[in-house]
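Got some structures for you, see below.
Presented sequentially are two complexes of chain A, the first with chain B as partner and the second with chain C.
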Partner chain A sequence: MSVIFDASFSRFGKRVEGIIDLSAESALPLVRKYGKDIDFIIVSNSYSGEYNGISGINNLVSTRLSLDSIPSVRVDNTSGSGGSAILMAHSMIEAGVAQNILVIGAEKMTSYPTRKSTSIIASLLHPEERAAGLSLPSLAAFMTKAYLQEFGAPRESVARIAVKNHHNGSLNPYAHFQSEVSLDEVMNSRIIADPLRIYEFCPVSDGSVSIMMTSEENASSMSGNYVEILGTGAASGTSSISARQSLTSIESVKRASELAFRRSGVKPSYVDVAELHDMAAILEIVESEDAGFFRKGHGWEAVMNGETEITGSLPINASGGLNSKGHPIGASGVAQAAEIFLQITGGAGRRQVKDARIGFSLSMAGFGNNATAVVYGGAS
Partner chain B sequence: MSVIFDASFSRFGKRVEGIIDLSAESALPLVRKYGKDIDFIIVSNSYSGEYNGISGINNLVSTRLSLDSIPSVRVDNTSGSGGSAILMAHSMIEAGVAQNILVIGAEKMTSYPTRKSTSIIASLLHPEERAAGLSLPSLAAFMTKAYLQEFGAPRESVARIAVKNHHNGSLNPYAHFQSEVSLDEVMNSRIIADPLRIYEFCPVSDGSVSIMMTSEENASSMSGNYVEILGTGAASGTSSISARQSLTSIESVKRASELAFRRSGVKPSYVDVAELHDMAAILEIVESEDAGFFRKGHGWEAVMNGETEITGSLPINASGGLNSKGHPIGASGVAQAAEIFLQITGGAGRRQVKDARIGFSLSMAGFGNNATAVVYGGAS
Partner chain C sequence: MILRRCGNCGETFLVPRVRCPKCFGENFDEVVVNEGVVSDCIEIIATPDPYPERYFLVLAKTVDGVAVFCRSDKEIARGSTVVIEDLELGPVCRKA
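This part shows the complex of A and B:
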């Protein structure tokens, strides 16, 4: 069994620092505490070549951390990189290949204008669909229209995700956005991909998050709290959106979640706190159904009823989610795990979910091309 | 214990195909044989963003292979990506996170002129050294001068690596270069970074190689031959070349090799066939010493004596090495493992090393920023 025993954050947002300094910002506090014990570094990062003009980021970061002698690797799975990095760290620990792994998720994206950014990220789409002009925002718009029509959900249910997550972000000192928005503000904001408006998309952000992982055996001999990885699940769906059976369900999310729940012996109803991949607001609703928390077509009701608020029965994206916290691509999946660590160990401050014991995170690549689900529990 | 139970190659060279089709070329024969059993795909690739303008290569490749539903990830460690990918696959299998992993190493590099290519790859250097105009070829030139001076080695000993490896490549139907070169031709070829000449560097190549890995338990129930991963070692040195103690030894190679030998219980003297990272000819000599095959400063003698030829006591780079086979960055480390698989299972054709039972590979990132060593053995 692998565990997470510490986490460290940089502020997400438009940052002046470069990718290496940003990576170091969240990693250094952990290096100061555990430096001599760290025996492997995994850097979760997707676009350091395209955005920052560097390669071998893992080696440059370890040099920056004065951990030159520690082996490292970069793990990339676009927006789902963080989940994949945790899966790899978990595997290395379970296999005994490494004992104490520093996982750093980092991305520096604001150096380019949003239009260029969207184009770079669209390079993960199926070539034919990319050539047809599709982008991730336009896919989210299709999904929204299909969902509202198929399940008779009110338009506001999607906007309420943005309201909830901006509220949560206002309680998170590391979030990109630190202020609330009203339903009116969301509904009257600029249209990005009809019907979705700007507040319903995550911003383009810079930032990094780092966590420490080890075996439960090691962790139990330490003094601090830790959170166990009870189960993981990775699954993929087709990169071709037009080849999918449904526009209102994501196959990779369903299968990754089922696998993680089966392996952990935990049922979705046991989960106290979840972090989902809300790159666009509609995704939080669809994923909350595909992960098994609500019946298909009923996730929107949970939003309207306040069930997914911090004070609700299943708080989703208490961190603010990608929507408000920001989405530095390689950092997001690691940030989810870091948030669950804080929630289960009682360190989430003003956004603390009461009695959080079982956590769940869903890190997703592209528009559901690939997903990694993790079930967490058992803080000691 | 994890094992390699099959391997498949594309021809390396200047290829017209794009990165996705190139990846599929080596992977499809394995997908046809094992498709239904594959439960994870690792793509070893460094520069698909920079060279090919795509991201999420792992998802695009799995869609191309009609393995959409199989989870995947990209592993990057620049030139050492292949070694890292094998380390990750090994960990996932040992941890029971995956059972049958398809590891695809691929890179498409010839779309840009060599000068631009060298500049992209120099983006892995320490920023200050990169700013000072250093590149991988110039570092290899420094190392060559230092080695020749420190150990009184003749200039020809370095050139002989190119002669040997081009001979070996002429026996490898998948090698970029398929013809021999004479010592005179090497010594009179164009200077790239004084004193090193063009034949002493690997070419810029496109290509892919795929291998299948599983647990020994699974493999023993199959009909075919397989090769065990007896031990792995990963280690790093500083990215800053000027901060290194020696220019004629690579710390990461020493420590990675020691670790792999210790974990496997194998001594360097037991090794029958080795694949080293000869991006520049001098590196083969330096690594052959750092890996423990020859005493420091004596590797050049082994070359002069023919000990590292296919018919010698320790054949090195029977495949032709990066020098002649080519160096599609993400593919090279996987190609090393594939070569060792062929050698130990007796499938290496005209370049077959007699009675090869124990193998060794050394996959290196940058100019020794990071290295992964693997010890192989026990074909059944």
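This part shows the complex of A and C:
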């Protein structure tokens, strides 16, 4: 079994540093502590070519850290890169290929105007579908309209995700947005893709997060605190949006979650804290249903009842989520794992979920092209 | 707009494939479509380069039941029939 035994964050937001310095910023505190033991580096990053004109970022980062001789690889799976990096590290440790893996998630995205950025990210869609002027936010708008209509959910329930996650982000010193927003502010903010408004989308962010992973056998000699990866699940759905059967459910999320829960022997009802991929607010509701936490069409009620707040029965995105913490694409999935590590080991500060023992993260690529779910527990 | 229809089972789809997603057949015919019925329509204000700064995105179903996206400068109600035309900057549609 693999474990996460340390985590280190950079502040997310608009940063002046380049991608390599940002990567090193979160990695350095871990390298200082464990540098002599690190035998593999995984860099989760999707767009260093498009945004930063850099390829082979893994070797550039390992040299910046003076870990030149340590083998490394870059994992690119768009927004789901971080989840894939965790899955890869977990698999390598389980297989005995590596002992102590430094996983770095990093992205530098704010150097281009938003329209250019929207275009770069939309490149994950098929050209035949993208040709109409499709973007990820527009798909979220179609999903929102379909969800509200199909399940009779009030418009406010989606906006409340942004209110909740901005509140949580205000408690997270590493979050891009560190201020609360009211329901009125969300509902009256600028429309991005009707009916969704600007506060209901994640910002374009720079940032990096690093974690250390090892085997359970090695963990006690490395650090006092660790969290076990109890189970993982990876699944793909069709990347052709026009071929999907439903606009209100994401097949890859359902199957990845089912797998992770089955492999971990944990039921969704056991989970104390979850980090979901809320690139757009509606996704948090849809994923909370597809992951098995709420019945289909009832996730919005949990939001309205406060069940997903930090003090609720199932806190979701206590970190602020992508919505408020920010979404430096390659960093996001690693940040989810780092947040769960903090929550289960009691290190989450003002956003600490009481008695968090079992955690769950859902890292999603594209608009559900694929997903990686991870169940965590067994803190030392 | 061009769709692909499997020569073996008749499955029709938008995004090109070298194997039919239903029967794995490898022979396809191209089907030209220029009409659909609107399933939904949204306005998008934050748009990607190189598209206009504001437009409506229409999700329409063709006669073969294939969902396709096209752009419109006007909102079009659900259930309306639209004419789809391929332009240099992708497919656009207007109410029939």
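In this section, the second predicted complex is superposed on the first by the 377 of 380 C-alpha atoms of A that agree within 3 Å, B and C clash if a C-alpha of one lies under 4 Å from a C-alpha of the other, contacts with A are read in each partner's own complex, and residues count from 1 in each chain.
The definition used in the following text is that contacts are C-beta pairs under 8 Å (C-beta built on N, C-alpha and C of every residue); 3 or more make two chains touch, one makes a residue touch a chain.
Just so you know, these numbers come straight off a predicted model, no measurement behind them.
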item: First (chain B), second (chain C), both or neither touched by A:92; value: first
item: Touched partner set for A:49, first chain B, second chain C, both or neither; value: first
item: Touched partner set for A:115, first chain B, second chain C, both or neither; value: second
item: Touched partner set for A:190, first chain B, second chain C, both or neither; value: second
item: First, second, both or neither for A:77, with chain B first and chain C second; value: first
item: First, second, both or neither for A:234, with chain B first and chain C second; value: first
item: First, second, both or neither for A:126, with chain B first and chain C second; value: both
item: Which of chain B and chain C A:63 touches, first, second, both or neither; value: first
item: Chain B or chain C, by number of chain A residues touched; value: B
item: Partner chain in contact with A:356 - chain B first, chain C second, else both or neither; value: neither
item: Touching both chain C and chain B, counted on chain A across the two superposed complexes; value: 126, 238-240, 243
item: Chain A-facing residues of chain C, complex; value: 13-16, 21, 40, 42-52, 55, 57, 59, 66-71, 89-91
item: Sites on chain B touched by chain A in the complex; value: 20, 40, 46-47, 49-50, 53-56, 58-60, 62-63, 68-78, 84, 87-88, 90-97, 120-121, 123-124, 126-127, 232, 234-240, 243, 251-252, 255-256, 365-366, 369-370, 372
item: Chain A to chain C touching residues, read off their complex; value: 114-116, 118-119, 122, 126, 128-135, 137-138, 141-142, 145-146, 190-195, 238-244
